[in-house]
Amino acid sequence: MPDPLEDIATLDFARAARRGYPEAVLCEPKSIDQVATIAQAVADRAAGSPDQITLFTRATDDQAKAILGVLPDASWDRTARLLAWPPTPPEPTGDAVLVLCAGTSDLPVAREALLTARYLGRSAELVVDVGVAGLHRVLGKLDQLRRARVIVVAAGMDGALPSVVAGLVSCPVIALPTSVGYGAAFGGIAPLLSMLNACAPGVAVVNIDNGYGAGHLAAQVAAPRTEEAL
Amino acid sequence: MPDPLEDIATLDFARAARRGYPEAVLCEPKSIDQVATIAQAVADRAAGSPDQITLFTRATDDQAKAILGVLPDASWDRTARLLAWPPTPPEPTGDAVLVLCAGTSDLPVAREALLTARYLGRSAELVVDVGVAGLHRVLGKLDQLRRARVIVVAAGMDGALPSVVAGLVSCPVIALPTSVGYGAAFGGIAPLLSMLNACAPGVAVVNIDNGYGAGHLAAQVAAPRTEEAL
Amino acid sequence: MPDPLEDIATLDFARAARRGYPEAVLCEPKSIDQVATIAQAVADRAAGSPDQITLFTRATDDQAKAILGVLPDASWDRTARLLAWPPTPPEPTGDAVLVLCAGTSDLPVAREALLTARYLGRSAELVVDVGVAGLHRVLGKLDQLRRARVIVVAAGMDGALPSVVAGLVSCPVIALPTSVGYGAAFGGIAPLLSMLNACAPGVAVVNIDNGYGAGHLAAQVAAPRTEEAL
Amino acid sequence: MPDPLEDIATLDFARAARRGYPEAVLCEPKSIDQVATIAQAVADRAAGSPDQITLFTRATDDQAKAILGVLPDASWDRTARLLAWPPTPPEPTGDAVLVLCAGTSDLPVAREALLTARYLGRSAELVVDVGVAGLHRVLGKLDQLRRARVIVVAAGMDGALPSVVAGLVSCPVIALPTSVGYGAAFGGIAPLLSMLNACAPGVAVVNIDNGYGAGHLAAQVAAPRTEEAL
Amino acid sequence: MPDPLEDIATLDFARAARRGYPEAVLCEPKSIDQVATIAQAVADRAAGSPDQITLFTRATDDQAKAILGVLPDASWDRTARLLAWPPTPPEPTGDAVLVLCAGTSDLPVAREALLTARYLGRSAELVVDVGVAGLHRVLGKLDQLRRARVIVVAAGMDGALPSVVAGLVSCPVIALPTSVGYGAAFGGIAPLLSMLNACAPGVAVVNIDNGYGAGHLAAQVAAPRTEEAL
Amino acid sequence: MPDPLEDIATLDFARAARRGYPEAVLCEPKSIDQVATIAQAVADRAAGSPDQITLFTRATDDQAKAILGVLPDASWDRTARLLAWPPTPPEPTGDAVLVLCAGTSDLPVAREALLTARYLGRSAELVVDVGVAGLHRVLGKLDQLRRARVIVVAAGMDGALPSVVAGLVSCPVIALPTSVGYGAAFGGIAPLLSMLNACAPGVAVVNIDNGYGAGHLAAQVAAPRTEEAL
Amino acid sequence: MPDPLEDIATLDFARAARRGYPEAVLCEPKSIDQVATIAQAVADRAAGSPDQITLFTRATDDQAKAILGVLPDASWDRTARLLAWPPTPPEPTGDAVLVLCAGTSDLPVAREALLTARYLGRSAELVVDVGVAGLHRVLGKLDQLRRARVIVVAAGMDGALPSVVAGLVSCPVIALPTSVGYGAAFGGIAPLLSMLNACAPGVAVVNIDNGYGAGHLAAQVAAPRTEEAL
Amino acid sequence: MPDPLEDIATLDFARAARRGYPEAVLCEPKSIDQVATIAQAVADRAAGSPDQITLFTRATDDQAKAILGVLPDASWDRTARLLAWPPTPPEPTGDAVLVLCAGTSDLPVAREALLTARYLGRSAELVVDVGVAGLHRVLGKLDQLRRARVIVVAAGMDGALPSVVAGLVSCPVIALPTSVGYGAAFGGIAPLLSMLNACAPGVAVVNIDNGYGAGHLAAQVAAPRTEEAL
């Protein structure tokens, strides 16, 4: 019997074993049919008893519905455009992850980072709308900032928040530029450059709007010490 | 008698009358000979009793020496690459200008802004090395910031300082991006974009390394109210 | 009772006290629901007697309708994409603001600047379609230009108008590049660069299409002298 | 006997016949030896009675000296970096070319345009330092502008002058962007984009610093009507 | 009675007298209402006996219909997105204009150039689909090329055709880059740069997709000699 | 009788004879009508007995339907957006072409390359989803890689696969960057630059998403030796 | 007594206490005098018994000599352009850092990262010349890669190595783009974009040539777990 | 005994066996010492009887002299900046490579391609100065073009030559953009984009100034058919 998956994808089911973290399917550039075919392959492999979580990222509403058609009990966070199956995150291990969000409009990617960190096994919290235009907002969170093992900072426009935060704490800061803004924000280039040039050291930059990557990296930084050498 | 100036420049001596501020000669892209010819024209016109100040900006050492050869009592700030003749700034009028400098390396353009504001008739002060990586430094100056009528903020790299400052005060902030930095600072593009996208409103951006322009603009914003309509 | 606002925004209601100007909500990148939730929070805080104006900027028609659903007496300028509540601008104080508009297509951002300046407490006038292709149009307004304390100049395409105007007056010129144009206008990069390199000093540049920022900055420059140090 | 020219160049001596204008040798990217070899070939072909002019453009001082070593009676304009041999321009035919130069620093490319137009057979004049920051300077030349058949306008920084001039005359304007400026002038990108987006129609743009190209184009536009179809 | 035009535009009706060519209205960035208001003003001024042609460029279908609602006898070339009123071009004077089009997809801007030249008073012809991939196509037109006084060459993708043509003729070539292409064509940047760097001199570049500008420039170059000094 | 084709295109029917490969029609930037007119011309020329294949590339669904309306037996690969008429590829000659596809989302351009190579007379195979994030996938295909005469590698995002593959084989690798990715992928600029800078030599780069060009080039590289000199 | 430091810098001596890591002085954009003044301030504060290490980064030879003039026992790694005083790194704590270097030319920034990590208190090793063009080189180090808690990967040109490495391990990978390459490497833009778009998650990007930032970030990721909340 | 090579490089001596072509050392970004150390390792390995050729590319004069100090009988082509040891190219096999050079200034990279192809075992010829500005030059070589199995075309400025050549022949064309030009040539970006968008299919692009890569690729395309699968 021909395998419809074979023509379009070579799923890396061994990745959880090799890297310690589950496979994620980037939905956005795929057709609805391709996404559904992949979801079916995930279901088939599990055969009722899934041994690892699969994430579906940057899913449009239509893609999400196609996935839920195959995996009806998958979780779906529409703001974050993220689905997960099975839907329950693992029991948290390792250290805490903190996600900061400079403005309301940065919420989608901030939530994507938050949920990714949780599905990869960390406890994670989100603090919203603490941009540098009102500095008292972030300074009011100083204790919380200093308790984190790693902080993800999502910001668009001037992308100034990661620099400010990195100057206040000793843990690594993951700078997550967003495409929020207009004109000379150039779809996220402005905050991206700002973050790459952060005058405080200890800033790790990921791609524009890459909440998944930021959350994944945070989960790795905050991983329990014993997991070494897979 | 042929006029050597005529072949190379049409000096705008009427500018002080028309716009209220003196002419400035951008030296950098001119040859030593051209700069000296222009300095001579300035001296000739004054004929011993200059009625206005001429600034020479972005002068290399060799250009500065050529100017001093013609106008020996001109002032020369080598860091700021600025000469002025006659050398004494006018008595300050209007409101105070404050110049902030994010890092030591931003000093040349910050000083160029400072001196320009003074030669255009304002009182002006400079505060150095208050970048956002050590936020306590700028927060410790809050009273001084709030007393200014206009603040020039020179910063390279992430260019985050103007956003932070503009969020703390009610006066306009003139953001002066510098070419300090390397790699993805792209000769000042990173702070320029950051400043154009400042999340706090009230930020006026000038060209990269344009200390003269920032100082000029600051002098205009802080000008006495009565000067209207020249 | 859970607060729906808390998950998405930390409104900076203290900003009017701290900076002297009201909060503005950038609508464009927010969802309809987020905008409505924020409008409700604005209404709730006021509880019938609002003590300050809130601006909603860059609102789509759908966002505007959602805001008007919550704040039915808000003003809405559809061309400028701006709403304000309460709808009446304050009595003007300080000096006059003049807004120039190079072409008909620059009207939306020019009006956004005009209305912002008015809602921030200044008297403000608009002059339309005075681009440099027909120089007599701007030269015919010379008296009006010279009476202003600050001039906002909105222009797309070659962005040449601010340079020309700044050479004619002694007050600061706020250059507002627009995304009007096509091809090598690159969504406003051409006028932005032109303005940053204005050969006349005294030009303050803001982000492409940032009428709100230009109007805010103009209001600050033209502010009454007594407002210092909030 | 081996021909040293053959290994490095295929001179297009037939070009004068085919296109009506002489060959030009772009010196800058060539080695001193290559330039000297080409000059020698030019001398050899002429064998005492040159029937057409050869231009050597963008020549460094060292390249110029090498050329003069071979063709001692060649003309050399050091500012324009241009040599011509034989040194005398042809008797002018066709219409007049006018070259405007926004600032003193734009002189080298403006002169390159001026001389090229003359060596290609046109009468040509130069007007210097008439940038838009002092608009009265260009308005004072209106009669001269309206007498020209074609106008070359060299400008750096904001590149605003061609737009202004094109709005004042009925003849074509050749916009010649220069690399004069710093920061966001980006080596001439700012004036190039400004000129490509000129809001007045009738503007023909050439490459940054391409004085030769501008002068050549001007000579073609102002060519006598009878020269058609070579 | 209030004038609806006054709030949105300052039409330059004196332009025909001043520059010798009619006013053109760039429709694309304007609203339907603005376009209709302007068309009405054009009709009102003419009051039955129009003394000059008005062009409406880059009109969408909806804009075109609004214009035809006011000026029912206007001509409309839908491919070129151009309307003209009154609809009949003037009797041709001056020299001939030739428009070349590298590929079928470049037709809209090529036709815009063609029609503009005709409405500005020149005779003009169009040759289609003669790109350099099949060089025999353009070589087969050599006689026609050499009869023209000025040639407009529209090309996207590699933008190589103007270089090739300019090497074959003695008249000026107006290079009109188009946004045809994908990927690294970058919306016309590739042919724009190619044309600015044409290795054959005599190439005048206009903005990407600016058929109107190319046609206008061509009409000026080919203008009768007597029209000097308006 | 007028020929509707003549106004829009000069089909290069001699190309098969001249270059040895059939004409291809790039549909995307053409109107439906233009595409149909061209298809009709193809049908007319063949008059029942076509002697060469015509490809229609980057066809939208609507364009494809218009072509099928004229040439009902044309083949259509909707994923690859490619049509061919007559529909049967020629008998393969020359050497084998291998097409690798880094991710599922790169499939459309990879298939376009695959089918083009087949319609140009080569045998060609496709291997999907072998990106470098799971290196074992490409290493598991080493034998297949080493049997190919030329390998096309389609990849978006980091574009790392061609470098890795070129380091493993001795045949040329054609690197086909795709616009798959988001944020700093910049529509394919990231993989394009990565491929141009491949640290392994032997990498030939084509335009972003240019599957047709990659397949054509592969067919030429793998062509039988006897075909020389057409 | 005047303090020469005060005019140029506000050293952040409290930073070690606040952030847990020593101050670093970026030398490159500073003058020799400024660097020497800062070195003297470092010496003065220590007064014989320094309690923390100061790093001097990106020092030219002349700057290094000026620093050694003041702090003769400082260490100097000329390849890495790094000085440290006092010269002995602290006893390592936390986990191991591994630094990979794609090519010989990437050594300077790779060594800067290596030494920074050591001076910040980690054990760190360097593996050189393991670029993807010879994949067996990096595959041969798999055991060493999997023992690391964090891996810094320095690469120029295609920047493909971090993607490949991140796909092989479970720890975070810090991608350090270098300006090695030419042409379309654009001074490090090519590897920077490649790394931001790494198809394997878990990649943290720093600025081009920012070895100091990469080493600092690595030291933070590998920090002992008890150091929380300074 | 310590191995000085080990600290800086992992030479890939197995590459000839694995890929069929010798190792090449990119000298430019390496220090003189590093280059000399590598040359010594090459000499040591050979121990008097080298079994393969090593190329040293993009060598400065000082680097070349250091290499010749260690390998005195190496060949050195100073124009091409290339050294080879042993100095004699292998007996040619496979098909002929033709290298075209658009202008004299493109010679260095054209010669680098030529010599690389020869050292990799192909017969190769060079034709100089056949740019499209004088089309008869390339048309005069049509027979030679059609005899080649692969053609390398080096061109700067408009980069138009590869498009023209690819339209005339049936073999693959390797487009080699050079950094020759100024202004909007942007160091080779203009010809690079032009070549990526070549309107004739069959064009393979390599990095700007990458003569080595072009020659290597040409040698692979023209390799004898029997060499498959190393």
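Annotations
We just call them A, B, C, D, E, F, G and H in the order they show up, numbering each chain from 1.
Basically, a contact is a pair of C-beta atoms (placed from the backbone, for glycine too) under 8 Å apart; a residue touches a chain by one contact, two chains touch by 3 or more.
Source: prediction; values computed, not measured.
Any chain that touches chain B and also touches chain D is listed here: C.
Note on chain placement: the centre of chain A and the centre of chain F lie 35 Å apart, centres being C-alpha means. Rounded to whole angstrom units, the spacing between the C-alpha centres of chain E and chain G is 57. Residue positions of chain B with contacts to 2 or more other chains are 18, 133-134, 167-168, 181, 183-185, 189, 192, 196-197, 207-208.
Of all possible chain pairs, those that touch are A-B, A-C, A-F, A-G, B-C, B-D, B-G, C-D, C-E, D-E, D-H, E-F, E-H, F-G, F-H, G-H. Taken in their complex, chain H has these residues touching chain E: 102-103, 131-135, 157-160, 163-164, 166-168, 181, 183-186, 189-191, 193-200.
Taken in their complex, chain G has these residues touching chain H: 103-105, 107, 128-130, 133-134, 136-137, 156, 180-185.
Taken in their complex, chain D has these residues touching chain H: 6-12, 14-15, 26, 28-30, 34, 38, 58, 177, 179, 187-189, 192, 207-210. Residues 18-21, 24, 95, 146-147, 149, 167-172, 174, 192, 196-197, 201-208, 212-213, 216-217, 220-221, 223, 225, 227-230 of chain E are the ones that touch chain D when the two sit in their complex.
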